[in-house]
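What follows is a set of structures to go through.
Across the two complexes that follow, subunit A remains constant while its partner is subunit B and subsequently subunit C.
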Partner chain A sequence: MAEQPEQPIIATTALRKSYDGVEALRGLDLHVPAGSICGFLGRNGAGKTTTIKILLGMARPTQGEARVFGLPAHLPQTSTEIRLRTGFVGEEKDLYRYMTVAEMVRFTASFYPRWRRDLEQRYLRRFELPAERKVKALSRGMRTKLALLLAFCRGAELLILDEPTAGLDPAVAEDVLQALVTHVGAEAMTVFFSSHHIAEVEQIADRIIIIDHGRSVVAGELDDVRQAFCRVEMVFDGDAPAAVFRAPGVARVRRSGRVLTVVSGGGAEEVVSEAQALHPKSIEVVPLTLKEIFLASLAEEV
Partner chain B sequence: MLWYKSWLETRWRFLIGLALLLCSAAGAVLSYPQVLKLLPQVPPNVDGLLGVKIREAADLARSYRGFVWSSWFRQNLTQAASLFAVLLGTASFLSLEGGALFTLSLPVSRRRLVGVRAATGLAELFVLAFVPSLLIPLLSPSVGERYALGSTLIHSACLFIAASVLFALALLLSTVFGDVWRPLLIALAVAFALAVADQFLRSPAFSLYRLMSGETYFRTGRLPWGGLLAATAVSVSLHAAAIARLTRRDF
Partner chain C sequence: MLFRPNPSSGVPIYLQLMEQVKYAIETGALRPGDQLPGIRPLAEELVINLNTVAKAYRELEHEGVIELRHGSGAFVAKHKRAGKPAQTLRDAQTLVAATVKRLRARGLSEEEIRRLVEAELAGYARTGGRHG
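Moving on, here comes the complex of A and B:
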């Protein structure tokens, strides 16, 4: 699933990061084109947050390179420029507990020359954020909304969101996602958001990257990925043969009684032609859901 | 607005320190008549280290200048300033519980983050070193005494420069650890160890606390330039180390 997008907003090449000898990233290659809403999927500990921290200059790569807007993320000067053009919402939404909502907004606005006062007022009303309430007195949902407001109003070209709906009830999560979709629809921007909630990625992303054990295992337009992944089920008269499939993109082969199942990330055509050589009683090609694609792309120890 | 953030994070420690020191300075001056009355009751023949200390304190208290130096600059102010230098140096600076990732997502260099934080803390420490001490010359006429403003300023300057070493140490530790408690406890332990070591040092030139109290100036009338320069150099080095450490740190 190689891809060569033009002028990526985010690009990493052979990115590696180790913490005390433990490898969090093992040669990660990412390309996020301008204007896309890119869902960054992976199970816990796959390296999503580490990647985001490197993109924002919060952590430095052990090897390889990360670029945002074409600027190297590990250099202090260019990292500041990247952060000036990027809105960020962290997983913990760890804002300053001792500030009020109004103080948080004033504080954040002071760093961004392109701060959008119009959006500030709109989102304060839409999210029903009480201006004089301290952050420590806000619910997690309200804190998330405040964090989103602070990211939206920066006049940013890129939004990086780390698990934006983590810990939210479904109603608030839906509200947050709707706000995100509406905002991105109205403003010309790129969104890169990590999640392990497949449904929400499916709901808003037009592009996905699945990361596992610090490496990108699936990347591309969501529709292309859906088309590429399929399950080919063969039913035999007797026990299914122990076959080896050489078609590119074969992710998994499973035998169960008379049924042989092949999960492919490289389309069905070549798998089907190989399957026909085995003379099964029937062959059926079934498209995969994103959840199945996600599970199929993870390493075998899942 | 980084200044405002730093102020919000340190204001209670600073204001509590200022209130305590103002009360302590006023108390020291206003207690002098009572101390004079009690001086004749000091036992002349107490043996050992305790006896030496008692006789020294009594001898110093016979002059108002000696009393002020002994009870205020050497004792109350030095002890409290050491504590608050450490507290101001460690106050929730980029702790992982205090919005560190949000701060790091702002378009601000880490050098500037440390710089603003250090400047705010040093400004507060400056106020703690100078303002309560200014009460001494102001209140002295109320007990029939006079205390030179120049001496007050020199003692306060000695205290500020020496205490800035402890502040810088605490700041450096707060860039090493992700929590608030370890930097605080380690810096306090170092301050305590220095105070214990001070009991065994012969020369005031090598003692942080004697530099803090301005002992050389009190006893000889000369400024401890060597100590002041050394403390400034150590403080600047610790601040530079804090910047270097934070610039390299992964979050």
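Moving on, here comes the complex of A and C:
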């Protein structure tokens, strides 16, 4: 499967950002192709929010470059165009508390010539948003839905979501995810969303990027990443040997009594053939869940 | 509901979906000529990525299990899958069922049996099932 058939929607090269001598990003390379739903994972403080700020022109990189739609994110003119074509839903939701839902919709619509009234009507109904209620009286879930509606209706080509389901109950979170899947399918757009909910990333993303300490440690199609990562467990008659595995992508080797465990990010095949040479009593290959992949890729860095 | 992939199982969702379609065909829940759900409605119903469903359908088409007709959707292939008549699979299923039963009788859990099978398959054909 050949990659880069066209210009990526988001591309950063060797992005660095320091705040008062503290490096938040340390040479981050990102690549998000058009039409994907890309989950952006990382620990707290890994650099996710900094990355998003740079993409939206809210922070300037110390070094390196970020481009969105091929446009440099740090120049004022191009940044304005990027923001016109991008819907952003962050922690703060950027809503005016004193406005009603209907006012907030009309107010936002006035800024965007490509406003989609059809979608506005559809999502007001689907999200069951009370038109006359003031924003400050909305529940957290409703606020998220309203922010999402505003992002959908501007006709944005790219949605950047910073933890869109944080603090939502599972039912509302599922509503939000379903709306995302539906909307992206119908409108051919790209979604870049950060999340701590690994299960929801597994559910709706087709690509993932895991960053750690300001660098990308895993990136690619989710299916490929999943296929690449596995755990190979060998059981020996006596104590497990202190074997060295040369297979590419071996992330971790652990000996514990009679058991030798290898976590591989480069597929099972080569690890298994090396394992066979050690003549264990049994060899098991276990697929890793995304959560385990996440944890394994962080451990690699330490 | 016919299809229910589990995103957290560690197995790629498109592979799970492919298996579930094949299983539905093998059990007769889906018959030759039957229409499968559209890519978009299925993605929405399962709340999974559209590309995941599209990938599963593409691979199934490639394997000759289903036919994708432009504009009208996906259908279970009319012709039998090359080299794997239903009888072969039914025989194999009987074999697997008997083996699983014996393993259970020895006290192995479902998880342990699954792992053993996966390890066995990984030993040979880790590159199988995918191309390109």
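By our rule, the second predicted complex is superposed on the first by the 290 of 302 C-alpha atoms of A that agree within 3 Å, B and C clash if a C-alpha of one lies under 4 Å from a C-alpha of the other, contacts with A are read in each partner's own complex, and residues count from 1 in each chain.
Criterion: a contact is a pair of C-beta atoms (placed from the backbone, for glycine too) under 8 Å apart; a residue touches a chain by one contact, two chains touch by 3 or more.
In this text the structure is predicted, and so the values were computed from the model without any measurement.
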Taking subunit A as the common reference, can subunit B and subunit C both be placed on it without clashing, or not? Answer clash or fit.
fit
Between subunit B and subunit C, whom does A:Val235 touch in the aligned arrangement: first, second, both, or neither?
neither
Kindly classify A:Glu269 by the partners it touches after superposition: subunit B alone (first), subunit C alone (second), both, or neither?
second
For A:Ala34, is the partner it touches subunit B (first), subunit C (second), both, or none of the two (neither)?
neither
What is the contact status of A:Met99 with respect to subunit B (first) and subunit C (second): first, second, both, or neither?
first
If you stack the two complexes on chain A, which partner ends up touching A:Leu295: first (subunit B), second (subunit C), both, or neither?
neither
Subunit B versus subunit C, judged by how many residues of subunit A each one touches:
C
Roughly how many degrees, to the nearest 10, is the angle at subunit A when you join its Cα centre to the Cα centres of subunit B and subunit C?
150
Which superposed partner A:Val286 touches (first subunit B, second subunit C, both, neither)
second
Superposition-derived minimum Cα distance between subunit C and subunit B (Å):
26
Inside the complex, what are the residues of subunit A that reach subunit B?
19, 53, 56-60, 76-77, 80-81, 83-84, 86, 88, 90, 92, 94-99, 106-108, 110-112, 147
Give the list of subunit C residues in touch with subunit A in this complex.
7-15, 40, 43-44, 47-52, 55, 115-116, 118-119, 122-123, 126-127, 130, 132
Would you pull the subunit B residues touching subunit A in the complex into a rising list?
1, 4-5, 8-9, 96-102, 104-111, 247-248, 250-251
Contacts from subunit A onto subunit C in the complex sit at residues 1, 35-37, 174, 177-178, 181-182, 184-186, 199, 202-206, 222-223, 226-227, 230, 267-269, 272, 276, 282-292
